[in-house]
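Read through the structures below before going on.
You will see subunit A twice below: alongside subunit B first, and alongside subunit C after that.
== the complex of A and B ==
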């Protein structure tokens, strides 16, 4: 027996004037399968929806076409109507006869409206129902790292009632917090003890991931510790492995060697300088200090912040003359412009040049030569200490982690692709998140935001212990699949894997939990084995045929 | 968890992000907005894609707004402001006052018949901007004859769904919530304050926001004076940022200026674009690569001009210091775009007083400590987005999500304390 299709046309309260609705209704009624055509003027309002529901029930309509305004506005409303009428909400096709028909043309457009309806009718006939189901997820979270961001993440996750494992490759927690301590008076010790006493947090130090399998809600992770290996299950994985810095002085190799021969203290990193500042037993206080940043890398927020803080501290402690060489001062972080002003008000001199300065050694001091753009002249400075430019890089082991988790990195090697504006802390794989320095050059404010954002995202995913998904929205047909692996290679979400069926044959299987319904696999499958519900080839072709026939 | 509501004040992108996260986590959210449409500033920005996406995030905004509007856990109250706050942590009472819309957003089907019959010029009833949500028509009290004492009811008569109602009074209601997220956003810097730059006096001096809206509306750029395609365009950075009255970087202007310059050059490669700047803010994921590309076609000049004069022929003479030559130079442009920055909201002061939260000396809402994002001096009241300080769209979204996280932690804690007692 033929499927019963109901068509609901709406004239938008009489505002669609260039369609002859009476003629359209007559034409639409003749389309095969159409058992009922309704004309309404208020389909999206309560009274219209009520009429629609009772009509679907009375006429035993099985599939619905709505010819009205843009699905952008109203599709969700009509899906609910179908649900209320007892139909699967995917058995709906919309024809946009307002924005894409009536409003775009002058003169009578009845014919085009009828064509659009015919396309929708042809499509709706082939649509398949989709069921929703709640799938269980593991509520434990793995947080990789042991510094400020990782520790704060586990503490906040504990506050929302989630159990976590903190996985640190070093023997102790709290690495890399020196600068936070000196700039913001941060207390690393109390953070570590808070982590250690929390019953929701398990700390594994000197431990590393060696293997990761599974998907969101059900990751299985092999962890190597001193005592041996353990296998654990987690619902989500958070990476907070931080960054490392490297002096950008590779162009001057002879200098580094010479420098060490002179005193070992002339050219230092920000961290070393921070230690010098903290060291009260320094033999001679540096009288002239040079800083450098923003020549080799545009991502210099972090080094700018460190420079400003260190320069101010040195000015206050030693009263030294301080010269900062840079291209641009990156002040697009909170409080940075204020700090920059404070530094200038204290007498720190900023010299901007387009090209990196030339650095040489002279009489046991460091000679810096640069062309200052404001003076328009060459500046030569001999300083006691040069805090060299630092490159901000992902921490050691990031490459290995990205391989283990099969997640992409950006062109600088940080986690997360460059195209991140959709998900500030997310990865392309559901259930894997990034925080702070491991995903790019972030200042403290942004790191704090990252931590809380990830806590929210993880809470949302795992707290209830289940996730509602649409089943088999994208599905590979085991009969047609030849296990060519093309889909597995292109899937950005890691949602496809090979499974064994009927004893020997291996076919692709798409996880409903991990799938993001992007449709790439369906488009690329050479065997046309993968179907994306609502966009199957048959459905698209049927719509095209509808126009050819007319 | 105990079922508690959260109030989100302001429906810009960070407010919407907060509301959505909370709603998805099962919390009931009241999202209040003082305007008739939601989305704030971010909803009116244009897509800056050329042959590739320029990652301006404008498209993310409209998707999120639509999601928020249809979310069953979110109650949207437009035309609403906060009048008072009472109660205690975990159980706050908020008094809301809702101004009448006159057009019922549930019943308006955006058919346009009312605008057709409206006798005033400009029309007193009209659709909001193209991507507006809810897409219900707006009745402007200032223009409507009815509110000037005349007996016009043409729109009411023409409305097929009886959505228009004149005799409405402001409604007051009280909400009980467990936490409040303040996401009231920013005000665009008024470029008229910089009189020497000529905005408002010279028609061919526009702001970055004007340009965004021209691209949203028209899709291409023409000179306001004669409708011709501009050939020589200058962008002036840091207008209303990093100056005496604004001790901060607005964080968005370098990015939008370069992306708009990229779009202009893509549409017409012959157009010469010059960007005058103090320091280029090119940090951030992936932006360095864009900058490398822009460097090829855009002329970057260090130093910000302070004066623009209109010549007799209608061109704009920009006076600036050419650092390479060490002297004052004059260049003529046919269009100047002022990259206006983010200023603290004018209403922040009122809200700060009602809620008892602190303002920082730059006029944005203050946070408790540099190491605690989103938290204000009042427990249970959090800030999100640009009302706390300048942020771009992705940062605002992240900040909104972070505020939701803080709110849910407060709810979880007050629930566990409730059980303990």
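== the complex of A and C ==
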């Protein structure tokens, strides 16, 4: 018996003007399998939905085509309607006769609309129902790192009732937080002690991940500690491994020749300069200070912020003359514009130069030569201390972590900071998140935003202890699969693995939890063993067939 | 349908872009038929060839911008497949009809319209 297809056309409350709906209804009714065609003007409103449900029940409709607006816009609403009417919510196909037909063309477009409906009818005939099921997930979270962002994350996760393990490779927590204290006036000590006393938080110091397996909801992690190795299970993994900085001086060739002269001079990093500022027993206070940033690294948010903070502090403490050499001052962080103005008002001089300044030694001082863009002349400055430009790099071990978790890094070695489609803190593998410095050049405000979004995301995924998934949305046919491993290699989400069936044969199995439904494996499978429900070859080709038939 | 363009649109970029073109009432030729796919990487060689076999004047594959694919590698795989299709068509000497890949972001309706117009122009020039 032929499947009964119901077509629901909607004129969107009169917004679709250039389609002759009466003629369309007559044409659509002639398509094979179509048992009822309804015209409505308010399908997505309560009234329309009620009518739709009663119609589906009365006519015993098995599959539904909705010809109205874009599926991007209303598909989820109509899926719910199908569920209420007792149908599997996957037996729906939408024809986009509003955005991609009526609104983009002048004149009568009835013919195109009918053809779009025909495409949807052809597709819906082949759709197969999909079951939904709640799969259990582990509610524990592993947070890697021991700095500000990691400690803050575990505290917040504990507050929403999730148990966490904090994995730190150093012997103590709080590495690198002193800088924050001097920078933002944060009391990080109390935060660290709060982590240590919290019952929901387990702290593992001097520990490292050595092996990670599994998928979201069920990661198995092997951790090496001083005492030996332990195997743990986690529902999600959060990386907050932070960043490190490196002086950018090495990249300038002219310095190499004069290394010996330079070594005795005061060329310091921002961190060392912070220490100088904090040191009250300094022998001689520097009278002239030079700063440098934005020459070798375009992403100079963090170094700019450090420079402004340190320059202001030095000005207040020692009243020194301060010159800042830079290509551009980028003030895209909160409060940075204000800091910049304050620095200028205090008498900090900013000198814009396109090429990196030449740095040499002269009479025990650092000589900086640069061509000022606005003056058009060379500026020569002899200063007591030069705070050199810093490169902002991912922390040591990031490469190893990315290898362990098989996640990509961007061109600079940071975790995911380039792909706008991924949730900013998410990775291509579900259940693995990044926070703060390990994913790019971020200031404190952005790090706090990261923490909140990760906590929300993890809470959403794990708090109920189960995740609702569509079963076998993408499935490899064990009969056809020859275990060529092609799909395992191409899957961007690491959702496929080999499993043994019937004792001997190994076939690819796609995890419903980890799969993000892209269909790359279905397209690439040489044996055509992988079926992606809703976008199988048959369903796509049936739509192409429909284009010809009119 | 003669002179019809079959466009495989990724639901993360090209499909919303096409929707946005509709919302902005940007006009483009009527002869385009959009097939929604979850990722440009889902489009297989067989889909493109079948569309040409059925008489499509051109086939477009529209995916995310380079380096910004929702599924990381989908757009590059699609590009390779389009290239492969063109090579096949050239080998059997039926390379008159354009098969092209375009990259666009979901907020680029103008780029979608430009792609459709560009291909329509090529079809018209070749006299189909």
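The rule is short, and it goes like this: the second predicted complex is superposed on the first by the 442 of 550 C-alpha atoms of A that agree within 3 Å, B and C clash if a C-alpha of one lies under 4 Å from a C-alpha of the other, contacts with A are read in each partner's own complex, and residues count from 1 in each chain.
Just so we're on the same page, contacts are C-beta pairs under 8 Å (C-beta built on N, C-alpha and C of every residue); 3 or more make two chains touch, one makes a residue touch a chain.
Note that the structure is predicted; figures quoted are calculated from it, not measured.
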Broader residue contact with subunit A after superposition on the shared chain, subunit B or subunit C: B
Contacts of A:106 with subunit B and subunit C, given as first, second, both or neither: second
Which superposed partner A:271 touches (first subunit B, second subunit C, both, neither): neither
Subunit B versus subunit C as contact partner of A:72, first or second or both or neither: both
Touching partner for A:44 - first (subunit B), second (subunit C), both, neither: first
Touched partner set for A:509, first subunit B, second subunit C, both or neither: neither
Which of subunit B and subunit C A:13 touches, first, second, both or neither: first
Which superposed partner A:472 touches (first subunit B, second subunit C, both, neither): neither
First (subunit B), second (subunit C), both or neither touched by A:341: first
Contacts of A:441 with subunit B and subunit C, given as first, second, both or neither: first
Residues of subunit A that lie at the interface with subunit B and also at the interface with subunit C: 72-73, 418-422
Partner subunit A, residues of subunit B touching it in the complex: 21, 24-26, 53, 55-57, 60, 66, 70, 106-107, 109-113, 135, 159-161, 242, 247-249, 251, 254, 279-289, 291, 302, 323-324, 326, 370-374, 389, 393-395, 397-399, 401-406, 408-409, 412-413
Touch list for subunit C against partner subunit A, complex: 1, 4, 6, 11-12, 15-16, 18-23, 25-28, 30, 33-39, 41-44, 46-47, 50-51, 54-56, 64, 67-74, 77, 81, 105
Subunit B contact footprint on subunit A (complex, rising order): 12-16, 41-42, 44-45, 69, 72-73, 76, 156, 159-161, 180, 184, 186, 297-301, 328-338, 341, 352, 373-374, 376, 410-411, 414, 416, 418-422, 424-425, 439-441, 444-446, 448-453, 455-457, 459-460, 463-464
Contact footprint of subunit C on subunit A as seen in their complex: 70-73, 96, 98-106, 109, 112, 115-116, 119, 408, 418-422, 428, 490, 492-493, 516-520, 522-524, 532, 535, 537, 540-541, 543-545, 547-548, 550
